[in-house]
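Chain IDs A, B, C, D and E follow the sequence of writing; residue 1 opens each chain.
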Amino acid sequence: ATAASAEGEKYILVSHAPDSDSWWNTIKNGIALAGEQMKVEVEYRNPPTGDLADMARIIEQAAASGPNGIITTLSDYDVLSGPIKAAVDSGVDVIIMNSGTPDQAREVGALMYVGQPEYDAGYAAGVRAKGDGVGSFLCVNHYISSPSSTERCQGFADGLGIELGDQMIDSGQDPAEIKNRVLAYLNTNPETDAILTLGPTSADPTMLALEENGMAGDIYFGTFDLGEEIVKGLKSGVINWGIDQQPFLQAYLPVVVLTNYHRYGVLPGNNINSGPGFVTKDGLEKVEQFAGEYR
Amino acid sequence: MTSSQPLIRMQNIEKHFGSVIALAGVSVDIYPGECHCLLGDNGAGKSTFIKTMSGVHKPTKGDILFEGQPMYFADPRDAIAAGIATVHQHLAMIPLMSVSRNFFMGNEPLRKIGPFRFFDHDYANRVTMEEMRKMGINLRGPEQAVGTLSGGERQTVAIARAVHFGAKVLILDEPTSALGVRQTANVLATIDKVRKQGVAVVFITHNVRHALAVGDRFTVLNRGQTLGTAKRGEISAEELQDMMAGGQELATLEGSLGGTV
Amino acid sequence: MTDVQTQVAGDERIKHRSRFREALIRPELGGIIGTILVFAMFLIFAGDSGMFNSQGVLNWGQISAQFMIIAVGACLLMIAGEFDLSVGSMIGFAGMLIAIFSVTLGWPVWMAIIVTFVIALAIGALNGYIVVRTGLPSFIVTLAFLFILRGFAIYLPQTIERKTIIGGVSDAAQGDWLAAVFGGKILTGLFQWLGDNGWIAVFERGTRKGQPVVDGLPMLVVWAIVLVIVGHVILTKTRFGNWIFAAGGDAEAARNSGVPVNRVKILMFMFTAFCATVFAACQVMEFGGAGSDRGLLKEFEAIIAVVIGGALLTGGYGSVIGAALGALIFGVVQQGLFFAGVESSLFRVFLGLILLFAVILNTYIRRIITGER
Amino acid sequence: MTSSQPLIRMQNIEKHFGSVIALAGVSVDIYPGECHCLLGDNGAGKSTFIKTMSGVHKPTKGDILFEGQPMYFADPRDAIAAGIATVHQHLAMIPLMSVSRNFFMGNEPLRKIGPFRFFDHDYANRVTMEEMRKMGINLRGPEQAVGTLSGGERQTVAIARAVHFGAKVLILDEPTSALGVRQTANVLATIDKVRKQGVAVVFITHNVRHALAVGDRFTVLNRGQTLGTAKRGEISAEELQDMMAGGQELATLEGSLGGTV
Amino acid sequence: MTDVQTQVAGDERIKHRSRFREALIRPELGGIIGTILVFAMFLIFAGDSGMFNSQGVLNWGQISAQFMIIAVGACLLMIAGEFDLSVGSMIGFAGMLIAIFSVTLGWPVWMAIIVTFVIALAIGALNGYIVVRTGLPSFIVTLAFLFILRGFAIYLPQTIERKTIIGGVSDAAQGDWLAAVFGGKILTGLFQWLGDNGWIAVFERGTRKGQPVVDGLPMLVVWAIVLVIVGHVILTKTRFGNWIFAAGGDAEAARNSGVPVNRVKILMFMFTAFCATVFAACQVMEFGGAGSDRGLLKEFEAIIAVVIGGALLTGGYGSVIGAALGALIFGVVQQGLFFAGVESSLFRVFLGLILLFAVILNTYIRRIITGER
């Protein structure tokens, strides 16, 4: 399907996120915008409960519907490599986004990788925190059953050069429970230096928790991913930094790349690392405006 | 014995359940102070008939006149409010609830406290104990769960309840079928007593002797239709039994099944 | 159930049972025992972890209050013989409505809340109407609504706002009289006074130095207490309470005795929806926003609390106080495990074991009460 | 009429349910070819007694001798295998299942196909239709659900089933309580027929007349104990009734409740 | 249920019902109607979207086969009067065990699978034992196991390997005889021949160029077909099948008639666990790894398929063929909505509506059959 320069190609983005995960909005908005701009048909698909085995079926299904390209995450190589390889072999071009590593992307035969290697991002954050004098931390994992969440915490611990151990808690997804579990943890471990949250779901209630126990602004606080409240937190100094992997790019760029590849045969020669970029108090204006929508 | 105006007039009542015609036009008059026995084979439509009378079913066709006025019961509450108390064949007791809560179910006594009205438990408990004592049953306490009573005792609670709320009509659907002789005698005596107070009693039974013991008039149903109504003394036990069997031959046995079953 | 018969008082065939034992045996007994056990356990294993200082108490108190709010609704509904699997989805859906109305449509918050309550109650009534009209088990009907409401909670913000979290309610709620009913705190003066006198901890650093750590009783807790009391009074002290028991114990028998069973059941479905919406409103006001995934699995947590509290899944038996204790146990265990430093992924295992233990205990107690065997 | 060796000997059976003592030492012998009536007040322990006989309950104390051998039934299957068929007071029918599946429940006929053994539906259907016809009931078909039968018909299925499987002992717990006169006559005739084939019948009833019509011996239970056993002809209806009432006074009514209830 | 009585043949009080109508009315009818409707709908709306090419068919075929495997277990259990909310957690737990045994402990895969089956069956038996011994509703008991098993599925890999996914089973399973029974494909020759003749799509590039895209029938599908047939035969053609109906219709009555009700129920719980483990084993073998979150909400999907297929939630009535059709409908709808291009967040809304529609249809059919009203 490479040389056809007609409009109306069809691309399907398959994610591993459950329906309700708010962070993936930006992705949805990203492909929607790219689809509009490039005048191609785009579709977003995900396993409703976040079950990766279901996701494998969705990739198979996406391939069966005969699109020009599939953009997918590679959050578990074992589960997803088979269906992705089959899709590639049956003539569908694939770009890996968000999770997985460039090496794995190459192995499954994808054109390229766009995203932020989770472990590396966690590691980078850990190194940065270490530089800021952090010696112990709490990682609030709101999505314990997803491997990439655990990798982030693990990378952070390794970056700090300490054992992860019990410093990662399974917080669940209910905001009140997250808030109170963080409070409970900090209550029993008051000497904790830093907090790491893995996205808006855990960051928002954690901020409230810190406000409530008076540690807001006092304790070192970093988070993955951005959101409206996180941006406010950055602005007010409660959050020291947010790791922005720029999900918008992860969705937008593959569509653009694939379209141009299919229309004109042009393809960037390298993978694109959309993150990690550290967002701090400085230069928040644009972020603020589009947080939760394009940022 | 019966006053001139019937308390309830059921006229040409029909009741269909989907493809089943349970009642095909039944007319019966009930007078105050009489015990009207409803007899008939299994499936003759007796329970269905009294259920239309007590507001459980709406008749498919036919009229109900209550004290001379046409009456439409939307649900059992209306019938109860009009003064029709029913003890159904399948007991209307909740096993997990206490005797006193069951006794007053649907008729809870209220007590005002400020703007609110609360269930008057003291009153309910007192009355329940009293009424049950009157019927010859000593409860452990009003809070005892109905589930811990014997079948006969439950039946008695149901009857006592119906009598207590001063009904004008008391409908009893096979109240004696599961009872021992002593309990049966009690129930029959109660029917007798209630009737004398001027209440109309509708009594369903398969036992000819029970019917003859307390009945003033006997209506026999067969396959959804009346075979006619007879007055006490006008009909013998054998005739009644033949009618109840729907006119069909009874199986005979060598032994001396003397006349009536 | 099969016919259960026991001879009455004065019967030589029944052993004597002491007045004390009689007084003990009530539906809440399982909950009371459980509460004592749980507190004893955590006093031993987490007594010095901060779990029982003012902050710690507020911590598990709030979680328990959350459970209580939905448990009261689930409890009354369960006693009325039905249950509702759509509670969790309703929480997500109602919260989302409040946020959409107040932020996206810009309505005043009080109006957003009231309209949301009206819609939620209508959905509860629809649930109930379908159940009583078709005679289908409520498990299936409300399972359908579990999916439908969750679907809308995702679909609506997605199409309207292009995101699944809608924030900014806090700003909109500034100074709103009705918002304060769900999101505020009361008794702040009392707590300040307690703090000043050193009876409760005060902040030692940060912007709020000198203020008490716990600076008021959150409205969430107030709602929980009010709902428990109202639920308890309705159930045990009013005519309507008797009808609830009757409707759940044997709907047919109740109907024949003049209890408006359908009305009772539909009202209880509405009350459950009401409680879920209270939960949602408190959450939206506290966290300033709504998310599509709010309330996941809350239906189970409500049912668990109610069952731990001694209610019978099949209806006709139970107690609001028991359900409240069940919620308390649930909340204390959940938070206590954190204070005690237990590996957090084991929480689910504990939850399952406690549930099993509690229902077996309750069954035993109930059998003694009802004479059922 | 009764052969010398009892088929079942129940000796000093006791049964306690928690704090309730349902049976306090009951001894009864059942002989082949006799109809042994078990009578007594509500809650006297009749059902409990026959349940220990049919393997539903294990006796707390006491021995069961079956054909002279001590016998311990772990569950109803054992009792059925030994030749004891029971029609329980609360019917042992599954409303949603077809008549023929119900008829053979627990005794499914098998047909071998290769190494497997399958439920022989053809045989089951044929036999069911036949047996029901013998009892005077025409089914729409063997696949008809039991739930669509009338109470009397269900009772008949249960009895036909018990008879069909060639039991040595047939136990009937109040089989006639909900039946109309015609159905009752049928059941009594069946008891009579079965007894003549040499089967022992245990018949529980509250109706003195039914008992006297078919019974050979009468055992009266009261509060978990036997008041004694009498032979047919040795006891009058009035005496029997007095014993069934547990020796207590019966409520009297003005009407002519001639002797027996 | 209340006494339902209808007069028998030759009764003038019953209208005639044609033989044809009689033949039509069976528990599967709802499922058959639904299947026809669903296929008709998607043939119209998604006929040219690839849904009905070899790949597309395999896709919804596999999804449906997955549902079928668990639906067969859930169906027999539901007919026996119980149900199992721990199916989904069991899938996650069993898969995790296989992976831990074979990868972490390095056992041969066949041994890992066999030991896992033994453990799963033991847990199923424990579930059943608790239910029959305590008389508790299976809803509560299996809800407890839902949490316990899920807790372990997270805790075990978390403590052993510090992650929630364990991969590498594919390598370990290389050449293992038992692994092939769950992860292999059959009829590869046939598919190659079909591909060579151009009747099904072949790969256009890569290492597998020229091979058919669908190169065999996955064992998953084979398992589904075998389980459906075995389940159907057991239920309708054997003595044991009669016992299953009896146990669910009225346990007390069945027990009194000599049916070993407890044994039947426990065996059905074990069978459900067996089906869940088959599901897990197929999944682990196909994807080469296990994850803590596998099988989330699958218990509901199984119950939904069974109920769509016409079974009665309260037991005693249903059909395996119906459940299989329910699974097919469910699978086709789920995948078909995508092929038809429906917004994915609306999927749940559709699911809920279909469920409601299906149960109402089935109730109507059943009432005609049983004469219940």
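Throughout what follows, contacts are C-beta pairs under 8 Å (C-beta built on N, C-alpha and C of every residue); 3 or more make two chains touch, one makes a residue touch a chain.
None of the values given here were measured: they were computed from a predicted structure.
K.L.:
Moving step by step between touching chains, how few steps can get you from chain A to chain D?
P.N.:
2
K.L.:
Which chain has its C-alpha centroid at the greatest distance from the C-alpha centroid of chain B?
P.N.:
Taking each chain's C-alpha mean as its centre, the farthest from chain B is A.
K.L.:
From the C-alpha centre of chain D to that of chain E, how far is it in Å?
P.N.:
It comes to 43 Å between the two C-alpha centres.
K.L.:
Using mean CA coordinates as chain centres, what's the chain A-chain E distance in Å?
P.N.:
33
K.L.:
Cα centroid separation between chain B and chain E, in whole Å?
P.N.:
Their C-alpha centroids are separated by 50 Å.
K.L.:
Can you check how far apart chain A and chain C are, centre to centre, with Cα atoms defining each centre and the answer in Å?
P.N.:
Result: the chain centres lie 34 Å from each other.
K.L.:
Going by the contact rule already set, what residues in chain C reach two or more other chains?
P.N.:
Each of 2-3, 5-7, 150, 154, 158, 252, 343, 345, 347, 371 in chain C touches at least two other chains.
K.L.:
Give the residues of chain D that touch two or more other chains, as numbers and ranges in rising order.
P.N.:
Residues 42-43, 90, 150-151 of chain D each touch two or more of the other chains.
K.L.:
What are the residues of chain A that contact at least two other chains?
P.N.:
If we look for residues of chain A contacting two or more partner chains, we find 19, 144, 170.
K.L.:
Looking at the complex, which residues from chain B come into contact with chain D?
P.N.:
Spelled out, the residues of chain B in touch with chain D are 40-44, 136, 150-153, 174, 177-186, 188-189, 192, 206-210, 212-214, 241, 244-246, 248, 250-258, 260-261.
K.L.:
Given the complex with chain C, which residues does chain A contribute to the contact?
P.N.:
Against chain C, chain A makes touches at 18-22, 24-25, 28-29, 32, 144, 166, 169-171, 173-177, 180-181, 183-185, 187-188, 200-201, 204-205, 208, 213-218, 227-229, 292-293.
K.L.:
Can you tell me which positions in chain E touch chain C when the two form their complex?
P.N.:
Result: residues 2, 130, 134-137, 139-141, 143-148, 150-152, 154-155, 158-159, 252, 300, 303-304, 307, 313-314, 343, 345-353, 355-356, 359-360, 363 of chain E touch chain C.
K.L.:
If we count contacts the way the header does, which residues on chain E are in touch with chain D in the complex?
P.N.:
Those residues of chain E that touch chain D are 1, 3-10, 233, 237-239, 241-243, 245-246, 249-250, 252-260, 312, 316-317, 369-372.
K.L.:
In the complex formed with chain A, which residues of chain E make contact?
P.N.:
49-51, 53, 55-56, 58-60, 62-63, 154, 158, 162-165, 167-170, 201, 203-209, 213, 283, 286-289, 291-297, 335, 338-339, 341, 344-345, 347-348
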